[in-house]
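Below are two complexes that have chain A in common, paired first with chain B and then with chain C.
Let's turn to the complex of A and B:
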C-alpha cells in the first residue's frame, strides 16, 4: 500500500482517469478488428460526404468513413508517441544520471552540452533528425524522441543532483557504495515520482509533436495514417466537412488529457489529501477584554486534518494571558503544540487549521476571524514574529533594507527616505555593524545570527507591543544565540514590548523569561515563575529540568530520561 | 588499538581567489578507546574535518591516519581502511533514504566490512543491531518516516555500527533533537562505547553535552585548533579567550540571562 497509485485512484478524478485509460486501451486493441472494413472500404458513391447517421464524421475523398479511420489511427498514433517518449526518457535519464556521478570537470562538460542542446527548439531538432532518418514513421519517432532528450536529461540532472547532495547518499558513499550502487539504490527511487509525472506529460507532448510532423508530411506516409495525417487530409475540406478535421483533433486532445491525468495520479501530488479550509470560530463572549491584558487566550483548541482527512486535535484547551512588557516562555517537546499555540495567537495558522476558542485576542482584536483593514494595520505595526530559520522567513530576492522599510511604508505610510533612515537606525540598534551596507545586501549574504537580528529589526520597524519568537535561536551557535537574546532583551527594554518566547531548551527559557508555561500533548501542564523552576511540582516539568545535562552533571551516571508517562525514568539502564 | 590522527590537515574549498580554507593545518589525535570532543561555532571547520576523515572531502595538505595507516588518500588501500571510520550525521531524517526501509539502510552499511553475508545472516545482524540501539527488531521493514527523530538517530547509529567501525565520528548528533530525546541518544552512545570499545570523535557546540560525554576536548575556531586538553581542565580553567566566550554562552538553569558583552 506504499505506492501512490491505490490512494490516488480513489475519488472522482481517479475514477474518470481509469475509465478514460481503459476506453483508450480498448480502442487501441480492438478498433482494427471492429472498424477495419469501414476504414479501408472505398466507395466512390459515398465520397466527400458531410456528417450523417451512417458516417458521423463524414467520409473522405475515397468514400472511407472518417470516424472509423480516427479510431483505427489511435493505435499507430499512441504507439508512436509512446515509442518517442521511451526514447526521450531513457536517453534523458541515462545522460542526466551519468552526468551527476561524473567527476567534476567532466560533469560540467556534460551539463554544458545538455544546456546547449536545450537552447535549440524541439521542432528544429525534430526537423534535423527527420532529414537524417528521412520522412518515415520510425524516423519521426526517433526524431521526436531525441528532441526530448535534452529537457528530460536536464530535469533528471537537476533532480538527481539534489539527491546526491543529501546526507544519506554521503552515508552510502562512506560505507563504500560505488557510483552505480548510489544511482540504482538511492537516486532512481527518489527521483522516480516526479520523473513519472514528467514522462506522462512528455507522452502527451510527443503525441502532439507527432501529429504536427505528420501534418507537415514528415511523419507517417500514405497508405499508413495517424491522427496528424488525418488532420492534414481533413483540413483541406474544413469548410465543407469540419468534422473531418475536428475529429482527429478531438482524439488528440482527449488522449493528451488521459495521459496527463495518468501522470498526475502516479505522482506523489495525488497522494496528498486536498486541504479544505475549515471555519474557525470564537465562542466570544460579549464585552471588551481587560485593557491591562495584551493577549487573552481561553480554551484554545486547534485541529489539523491528518492524511486520511480526519481532524486531529493538536492544541487541547490552552488558556494563557500576556500582560504588556512581560516575557513569557513556552517549553515543550516537538509536537507538544507550543508553536501551533503561538501561531494561533499571531493569526498565522493556515486555512487547514480548525481553530476553536472561547477567546483568542490580541489587544482586543479577535484573532479567530479575518482582521478588518484597520486591525490589519495595527497588527502589522504592533505584532512581530521571529521564526526559527530566518533564511526561509526572509524573502531571498529582496534586500534586507527593502524588507525592513516595507513594514513602515505599507502599514505606517512613511515616505521612502524616512523609512530608509529608520531601517538604518533599527539595524544599528540590533547590533549590525555598517548598517547602510548591510541594508543593501540580500539575506544570503548575511550570517545566520545577523539574519535573525535583521528579522528582529523588521519587528522593531513598527511599534511592537508583542514579539512572538518561535525557537529563534535553535539553529544558531551558543555564542550567536547569546547575541540574539541580547538584542531581543534590549528591544523589549527600549519599546516596552512583551515577548512570547517558544523553545525546547528549558535552561534557556528559565534565564530569559519571567514566566514559563510547560506544554505537553497540546495542554499546558504547569505554569511557573522562571526563577522558581526548581520548585516545579508537575512531574513532567521536573523531568524536563532533570534531563538537560549541565556543567555540573555527574559524568559517571547515565542521564535521566523522560519515560512514556512523562516523568523521569530513574536510572533507566544502569 | 585504533588511534585516529590528523597531522597538519588542511582542507580548501574552491579555487583561486574564491578559495576558502575550511581546515587550516589541524593536528589532532583521538586516542584509542577515548571520546574526544571537538567544539566550535558553525563554520569553524569541525564538520569539514569529519568529512575529510571519512573521505567525503580530500585534504590538500597533511595526513589523516588510522593506527598509522593513511586513510585520506585515493589509493584502494586508503579507501578500504577509511571504512573503519564511520560518521553519524546531525539530521537523522536527511541521513536516511526516505524510500528505503531502515533495515535495508543498515544492511547496506555491512558492505563496509568487506564480507559477503547471506540474506539470512544480514537479516539476523540487522535485528541484532536494532536491538543494540533499543529499537524493536520487527520494525526493520519500516520506512524512516514511521520513526520519531530520536528513533531515526538511533537507526543511523545502528547503521554506523553495521560497518563495524573502530572509530565513530558523531557530528552534532543531538542538536537536531529535542532536549528530552537528547539524553536517550547520549546514554546510548555511552553504553555502546563501553560495550563495543569504540573510539569516538564527538563534535558539538554544546559544552555541557561535551563535558558529559568527552574525556578530552579540542576547541576549534576559523579552521584552527585553539585549545586542547583534558575536558575537566579545559572547561574549568580555559586558557583561550574564545573558550571562555563559549563557556559564558552556555545557558544555566535558573540563572538570569546576562548578555552584557554579547555584542
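Let's turn to the complex of A and C:
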C-alpha cells in the first residue's frame, strides 16, 4: 500500500493542483454570497451584451452577468458530479464485491453481464437511464451514476479477486470466516487505496458527463443552472457573445483538470524521469585502415546510465582486431561486457549507450557514427548478426521468408522472385527441410533450433565478411546446439566469412574458434590461441578452464567455483 | 475474459476445421475440433448475440421502469382519459407482460418498431432517414482520427527514442494530453467560436455539404486522435526496444522499412483494440456533436424523443445505437483475428 500524497505534493505540479483545488473550493463555498445579486439582477437595458469591463463574459437574454452565473454554477455542477460519483462508486463496489464472493457459475454470469454493459459507451448508458428517471437534475445524477457502475464494478471485481486469491484470505476461510467477514476484514481494506484514486478520476468524468447531459437539455432545468445549462444558453447566442458559451466551457475543462490532477496526485507520484541519452563521444578516426584487417577496435569504452542517471562504464578500454576468415571467440561471465563489445562492433547499441573509442571500424567504416547510405548497404550485406534468443529476435508479424528476402531486395535490388529463390536455397543450406513451406510460416510456427538456423540464414542472404554470433546457442538444448554450430561452421567454410563468437562457455569456444579473448569486468584479461588454452597465464582464464568438467573429473567432489579474486576456490565438502 | 456459458450455441458457419495446430496448445474451453481462429470467432459471435438479447430485454423493460404511468407522462396532463386509454391500447400496455414481450419480439423480427407518439410516423422509417447521417459522421471522424494518430504516434516515438527531438516530443505529448482532456462538445463550441464566429470561414450548423462536415468531424475526431496517438506512441516505444528491431537494424534497413514493415504490424493489435473502443465512443459522441451543430441524425432523435417521452421512438433509437455498437465491436474483433498472425487475442 502506497501513500504517494506527500511525495507527489512536493513537485510544481502538486503545488499547482493544491492551489487549483483550493481556489475551486473557495468559489464553491463563497460564490453565491459574493456574486448572488449580479447573477440574478435582471436589466432590460443590458440584454445580450458582449464582454465589457462591467461584464467580462457579457450578459444573457435577461441582462444578467454571465461571469457571475458561471462562478455560482460551480457549486451545483460540482455537487451533482460528486453525487453521481457517489452513486457510481457505491453501486460499483457493491456489485463488484458481491460478484467476487458468489459461487463460481453465478460469478461468471455476473462478470459476463458487467462485460456486456462495459461494451457500451457511458453516454449511451447515461441516456438510457435518463429515460427512466426523466430530464431533471436528480434524474441525470442517477443516470450518470448508474452509467459509471459497470466500470467501477469491473475494477472492484478485478482488484477484489486478486485479494481473495491470496493466502491470508484462504487461511481466514479455513478457520471459518464467512463471506461477509472476508469482505469487511480482508477485501475492503486491501482495495481501498486504488479505489480512492479511481474515484477522483471518475469524478472528473462525471463532471464532463453531467455537463453533456445538461447541455442536451436532459439535466438541470431552468430556472436552475449548472455549467452545461449555461453552455446550452450561451451557444444559442454565440454570434452575439461567444464568451457566454466559452466561459462555462472553460470552467468545465479547468475543473475537470483539477479533479483529474487530484486523482493522479493521490495515486502514483510522478514516475521517474526517463533515461537521458548521451551523444557518443566519437573521437574515433574513420580511415582506410589496414585492408588486411576486418575489424579494428582500439580503446573501446561503453557506458550506460544507471537508475539514478549516472554513467556506469561497462566496457573499459577494449582493443581487438579480426582478420578476414578468422574465428574469434570472446568468453566471460555474464556482465563481463562481452555482448556490449560485440554490439558496439555491430553498431547496434541503443541511443542510451555512450560510446568512446580511439578506433571502432568494420572494413574501414566508422561504427561510432550513423553510416552513410553507401556504407549502410555494405553493412547490410557484409555484416551479419545472430542473437541469443531466436524467438524474440525474429519479427513475429512477418513470415520467415519475408525476413530473409528483404536483405537482398533492399540492399542488392534483387527482384522478388529471385530473392525468394535465393531464400529457399539459403534455408536449405542451413539444414531446414521443406524450405519452401517454412518460408511462408511465421517464426512462432518453427522450433527453436529451426528459428536459429533461419536467423543464420538471414545473415547468409548477403555476402557476409563477418558474422557476429552473440551467444547463439545459449537458449537451445544441447543436441540442437551442436546442429547450430555445424551450420555456422559450414557457412564460414562456404563464404570465407570471419566469425566473432560470444559465449560464456569456454569449452564451446575453444572447440569452435581459432583465437579466444577472455573478458572480465569490461576488460580483456587474456588473448590466447584456442589450441593453447592449457598454457594460459592469467589466473582467471586458468580458473575458467579448470571449471570445465571432463571425463576424468572426480564426480564425488563438488565442482570448482571461481571466487572474487578470480582464482579457483575448491570447496571442501563438509 | 469470461464468456457466458451459453456460448457458442448457434449454427456453425465455419468450414471444416484444419485441426489443432501442434505449435499452439488450444485452450480447454475451445471446441476440440475447431481451429483457434474459428473458435474465437464463434465465441465472439455468441457473445454478441447474448449482448443483443440483453439489449432487447432492456429496451422492452425501459417503458415499465419509468416511475408512474408512462402514457400519462408522454401525453401530458392535458390529455383526456379516453386518449390515454386509447394510446395505452395502441402500445399494447393493457395486455399481460409476457404477451407484450412476445408482441415486441415479433415486431422486431418483422422490422416493426412501432409508431411515434409525436409524429405518428413509423419509428423504423424515421430511423432509416436518420441512421446514414450518424454513420457517415462517425466513420469520417474515425478515419481522420486513425489516419492522423498513427503518423503522429510513430513519429514522436521515433524522435523520443533517438534522443533528437526529445523536447519537441514532450511538447507534442503535452498537447495531446490537453486535447484528450477536452470533451468533444466543448471543443465544438471552441471551433464554432473560432472558425464560425471570428473567422467566419465555415458553416456552423446543418448537414449536407462537405464544408458543413468539417467542423463536426473535427470536433468529434480530435480527442480520439490524440488518445490513439498516445497509445501508438507508447506501443511504438515498446516495439522499438524489442530484440527483433535490433535484428532489423542489423540488416541496415532504411527507416521507411524499419518502421513501417517491422515495427508497425507489431503494434497494430494494441492500436486496433483501442481503435475499436474509440469507434464505439465516437458513435455515442455523435449525440452531443449533432446537438451542437444541429445535425438531423440519430443523436438529435434520441435527445428529442427522451425530452418528449416518445417511448416507441426511444426504444427504436436505443436499439439501433446498441446494434451499431455491438456490430462495430464484433467487426473489430474479426479484423483483429485476421490481422494478428500470433492470434494472441484469441486466448481470451
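Basically, the second predicted complex is superposed on the first by the 324 of 574 C-alpha atoms of A that agree within 3 Å, B and C clash if a C-alpha of one lies under 4 Å from a C-alpha of the other, contacts with A are read in each partner's own complex, and residues count from 1 in each chain.
Just so we're on the same page, a residue touches a chain if its C-beta (ideal position, glycine included) is under 8 Å from a C-beta of that chain, and two chains touch if they have at least 3 such contacts.
Only a predicted model underlies this, so the values are computations on that prediction, with no experimental measurement involved.
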Exercise. Which partner, once the models are overlaid, touches more of chain A's residues, chain C or chain B?
Worked result: C
For this session: Pick one for A:452: touches chain B only (first), chain C only (second), both, or neither.
Result: neither
For this session: Look at A:389 in the shared chain and tell me whether it touches chain B only, chain C only, both, or neither; answer first, second, both or neither.
Result: second
For this session: Return first, second, both or neither, reflecting whether A:156 touches chain B, chain C, both chains, or no partner chain.
Result: neither
Exercise. First (chain B), second (chain C), both or neither: which does A:411 touch?
Worked result: second
For this session: Go through the superposed model and pick first if A:333 touches only chain B, second if only chain C, both, or neither.
Result: first
Exercise. Which holds for A:252: it touches chain B only (first), chain C only (second), both, or neither?
Worked result: second
For this session: Classify the contacts of A:121 with the two partner chains as first (chain B alone), second (chain C alone), both, or neither.
Result: second
Exercise. Between chain B (first) and chain C (second), which, if any, makes contact with A:168: first, second, both or neither?
Worked result: first
Problem set entry | Those residues of chain A which chain B touches in one complex and chain C touches in the other | none
Exercise. Any idea which chain B residues touch chain A in the complex?
Worked result: 41-42, 54-56, 79-80, 83, 86-87, 89, 91, 94-100, 105, 108-112, 143, 149, 156, 159, 162-163, 178-184, 186-187, 190-191, 205-209, 211-212, 235, 245-246, 248-257, 259-260, 262-263
Exercise. Can you name the residues of chain A that touch chain C in the complex?
Worked result: 105, 108-109, 111-113, 115-116, 119-124, 127-128, 130-135, 208, 211-212, 215-218, 231, 234-235, 238-239, 242, 245-246, 249, 252-253, 256-257, 260, 277, 279, 346, 348, 350-351, 371, 376-377, 379-380, 383-385, 387, 389, 392-398, 406-407, 410-411, 442, 444-445, 455, 458
For this session: Please give the residue numbers of chain C that touch chain A in the complex, ascending.
Result: 1-5, 21, 23-24, 47, 50-51, 54, 58, 62, 65-67, 73, 161-163, 181-183, 185-186, 189-190, 192-193, 196-198, 204, 241-244, 246-254, 257, 261-262, 265-266, 268, 280-281, 283-285, 287-288, 291-292, 302-303, 306-307, 314, 318, 321-322, 325-326, 329, 341-342
For this session: Please give the residue numbers of chain A that touch chain B in the complex, ascending.
Result: 2, 166-168, 170-177, 185-186, 189-190, 333-334, 431, 448, 477-483, 485-487, 489, 504-508, 510-512, 530-531, 533-534, 543-545, 547-551, 553, 555, 558-562, 572-573
